[in-house]
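Below, subunit A partners subunit B and then partners subunit C, in two separate complexes.
Coming up: the complex of A and B.
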């Protein structure tokens, strides 16, 4: 029963994406027609879809490495024997994760403001002229990436910290006796031991970052000039603003295929990596 | 809260220790600054935050923004909606997930292992692919634009079932056998033996579900069209589009939306972290 419960939606999404389900069909099902792959063809011909896809890839390609880098850096610092007040720092660094994305997006919209925002204020002390972070198509996506990294890095930090604590101390002792420097210990002990966990964390983070929606919805409404329109945002607008549910379902199904393909590729790559 | 460094950490002559703790302090400041500033700005007078240089603390702290939110923006209603929905979703999903997790761990039924593997496979499916079909299903059932429509997708969670199953595997079979020999019914065993043993994981799951449903945005946005039913995140997003200039008011709204979950998290942190580890280690 439960299995059906979870697989059925995918089949249903595929089925709906092959119809012209719209507001008329919503009112009366007899208006529904099967149109085959027309939704997909129309979608692939629309520049807006490619724009949304490009933006989403940009967000994933820049956001995931930055996010993971911040998580790993914070986890290494917290795991250091020199670190003090670990419980406090751990909670402080994790706090953004449990906040409500809409609420903190509202805060960041202000912090990133062109005239009165703190970021520009801080930059001005370095002699950098004010930047219209959320109003300039060149800077809107970097600003959203910065926000996403702030919001999310604590989650993977906790998981990686658990991984670091599971690395046996003897390995470090042995490396130290062999005269390995702190950097060499990180490079040849810590990172290889952490690699399996890192690859799982990377897969989950990529899948999560492909689902960008609330951040642009609150901070930029997909603008300026559609520079922060994501695939999921496009699905929301198609389906629940214009009520083209057939077309929206096609967008959702393409996003599903995309995430599935990337996950599969990455799992393959990770396996190949371990075999070496 | 930010100034809890003990002097000895800084008197140590070890440069590496200073670097490590300095970086941690900088990271914590980066993580906490937006939240602390939100709290400070929520007590500022209207227009005060829109000055240059941006103020850190309110000149004359006032509750006017909170009063305005409750008096004119209907915040009390949204707060009540959020509390009601999060509590109901948590209670109902706990009943379902704990029973299912226990069944997967301890009850023998046909196709159990296959069903469990199928369910784990479904974890890679992003929830959004189901949104259109689910919306149409709920529309058909008359649940669109109702509290029920918001709760339904939260009821069964693969993660929740998995969490309970992993924990329930550690319950000794002998204990259940002994109860059966004593003539206890399966329901009685579940209620009197299993649930008390699962208590820690039930708290963990409750915290996760509570925070998840409270913070959820996209689904309530889609399913609710009547403003009176809005949850806090949906209401806040809509308010922030109307009140782009009223920064102080929006900060008060953000405090009301996010402070409850932060408090719940701080109070039950231990359980939350445990769930995070259990879910992560198994991938």
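Coming up: the complex of A and C.
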């Protein structure tokens, strides 16, 4: 089963990435050339690929900490004994996860609108000049990050909330008897107990965020000035818009290697962390 | 995002035909699961038709796919024994679905195809040449606008018949032009620039003279097609963007942004193009025929007399624009090409095209259809009638969409002031030559053989 559903497609993708499969080859296989690593070389020479890679790293580097921070913060608040209407807030904060990205993107486009958008209205009351969120190459990615974090943090929040509820109350009581402050209890009880779950959530989130596609696809189509073009978006354009399956496979393979390497590093780091 | 097309009406009628069979089997004592019965019913519904009824599978996109079903019954009455099954595709997914269908040997018999896609499907060998069929039919090439007809000619053969046409020209606010002291709508670039400057000079700081959305390549492409230099050279083997002609077009385009006539914006940044046009945020807008209906519907009654359409100004006098639109094509793999062609002929009849126009707002490609008073007297359509005599196809290579995309990318950079015109055209040629590498290899190999 693993062979059919995992190994075979990966090997096939690798094989296609070594050819220049395009619509001419689709018409007649004799138009197919085996080009070796040329797809990869050309990709690495293309400024657009580096731009897409840079954009993706930007999105991961800024989005993942924000997303995890938001999830953890929300989970802690929901877990607090002082919080009221917990089921309501739990549902409300989880709602963005289960809504369709296309539908909420329409709403967000209004919120982010340059002229009549609510966000700019709120900023103007702080004396900040209106920002052209989706139209200015400097602000489009932050807007996408904001949108993605809002859309996704609820999922991790639920997982972390489950983790928090599993921490035995005795530990907190013991810490309190030892005179630990609220911050110290968070630092020395909650976080260490939550660490395994946090690292799993971090790995999943990073792997997910590297595959940025739907948000720019519905909000900006990769623009303005390709400032929100991600690696996966580039692959989509190459493969499904232009039918250059050869170079699209090369993009996919590079992205696969990248996510694989990052995840490997992370698990190493996490294992080292637990051994301590 | 690929929202599935609604249930095709043809298919649902096929189900209705098979429902008797479903009932009989379901009541037949054999305990079949519901799913099995439906499958059996479908199979049963196919078998009686297969013997004496020719089924034509027709793929059409978007709004056209919805309304064409209303034209089908009359065709079926006139051609007993032919049944048309219309399958609707959403525009956003149409291209990849057609390519996938080709890869899976399941192309339809007839389809609506954006005319810039025709070279690509000809390269695939997916389309059937229509020359012989056109020769003895009511489809008269001379009756069609020549630029539009030309988009269907690849090499020496005709592969499609234009269904409706699309081109870009000027929508403008007559009152804003008059307020700026411009009595006649500009016909040449020089007059156009004068008008733009006059409007911008008396406009509020966040108001502009023209809207050229940076996510659309068409305005620049139209300006480029007005030039004598072709966009590709040496048998479409290399980009020709460093030519004087394209430089002039790009410089003119970029200048509209540099001088503040046009805002450096994409269409999605304008929260609502029609409202902004009504507010007078811009006085000129380069757009296509679908916006006639949109402006009539969306602008308030008191503004209806203030907007108008005009042919696109050219470097000296009225200029060319893009030959866009959709064509009807017959697929090579089709087993029912005769019936498919009958449908093409039927949909190409001027009276049917006029009915189609009433339902969709799409403009007909035949001059004889335009003689109809309803169309000839339409104040907003008149400029299109004029423009359609001066339309030119984009280069007919399968790679064109990619090249057009790069054209849009470099133009956006130039418009935002990141690149000079010289840098932009040089880079565009480099990228185009890279895209056309495979084509050069194929042509070289063909000439060796």
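Here are a few things to note about the model shown:
Quick note on the criterion: the second predicted complex is superposed on the first by the 274 of 276 C-alpha atoms of A that agree within 3 Å, B and C clash if a C-alpha of one lies under 4 Å from a C-alpha of the other, contacts with A are read in each partner's own complex, and residues count from 1 in each chain.
Rule of thumb we're sticking to: contacts are C-beta pairs under 8 Å (C-beta built on N, C-alpha and C of every residue); 3 or more make two chains touch, one makes a residue touch a chain.
As the structure is a computational prediction, the values presented were derived from the model and not from experiment.
After superposition onto subunit A, the modelled positions of subunit B and subunit C overlap sterically.
When both complexes are overlaid on chain A, the residue A:16 reaches subunit B alone and has no touch with subunit C.
Of the two partner chains, subunit B and subunit C are each touched by A:218. When the shared chain is aligned, subunit C comes close enough to touch A:242, but subunit B does not.
Touching more residues of subunit A than its counterpart among subunit B and subunit C is B.
Touch criterion met: A:115 reaches subunit B and subunit C at once.
Of the two partner chains placed around the shared chain by superposition, subunit B is the only one that A:232 touches, whereas subunit C remains out of contact.
Within the superposed three-chain model, A:102 lies in touch with subunit B and with subunit C [touch as defined at top]. Once chain A of one complex is fitted onto chain A of the other, the partner contacts of A:27 are limited to subunit C, with no touch recorded for subunit B. Of all the stretches 1-9, 361-369 or 379-387 given for subunit C, the clashing one with respect to subunit B is 1-9. Taken together, the two structures place residues 26, 102, 109-110, 115-116, 214, 217-218, 221, 240 of subunit A in contact with subunit B in one case and with subunit C in the other.
Contact residues on subunit A toward subunit C in their complex (touch as defined above): 20, 22-24, 26-28, 31, 33, 42, 102, 109-110, 113-116, 132, 134-135, 214, 217-218, 220-221, 223-226, 240-243. For subunit C in complex with subunit A, the residues that touch the partner chain are 1, 95-96, 99, 102-103, 120, 123-126, 214-215, 265-266, 268-269, 271, 398, 401-402, 409, 412-413, 416, 418, 434, 438, 441-442. Against subunit A, in their complex, subunit B makes its touches with residues 4-6, 9, 14, 16-17, 20-21, 23-25, 27-28, 30-35, 37-38, 41, 49-54, 100, 115, 118-119, 122, 124-126, 128-136, 139, 156, 158, 161, 211, 214-215, 217-218, 221-222, 232-234, 236-237, 240-241, 247, 250-251, 253-255, 257-258, 261-262, 265-266, 269, 272-273, 276-277, 280-281, 283.
Subunit A contributes residues 2-3, 5-10, 12-13, 16, 21, 26, 74, 77-78, 80, 82-85, 88-89, 91-96, 98-104, 106-111, 115-118, 121, 150, 154-155, 158-159, 162, 197, 200-201, 207, 210-211, 213-214, 217-218, 221, 232, 235-236, 239-240, 245, 248-249, 252-253, 255-256, 259-260, 263 to its touches with subunit B in the complex.
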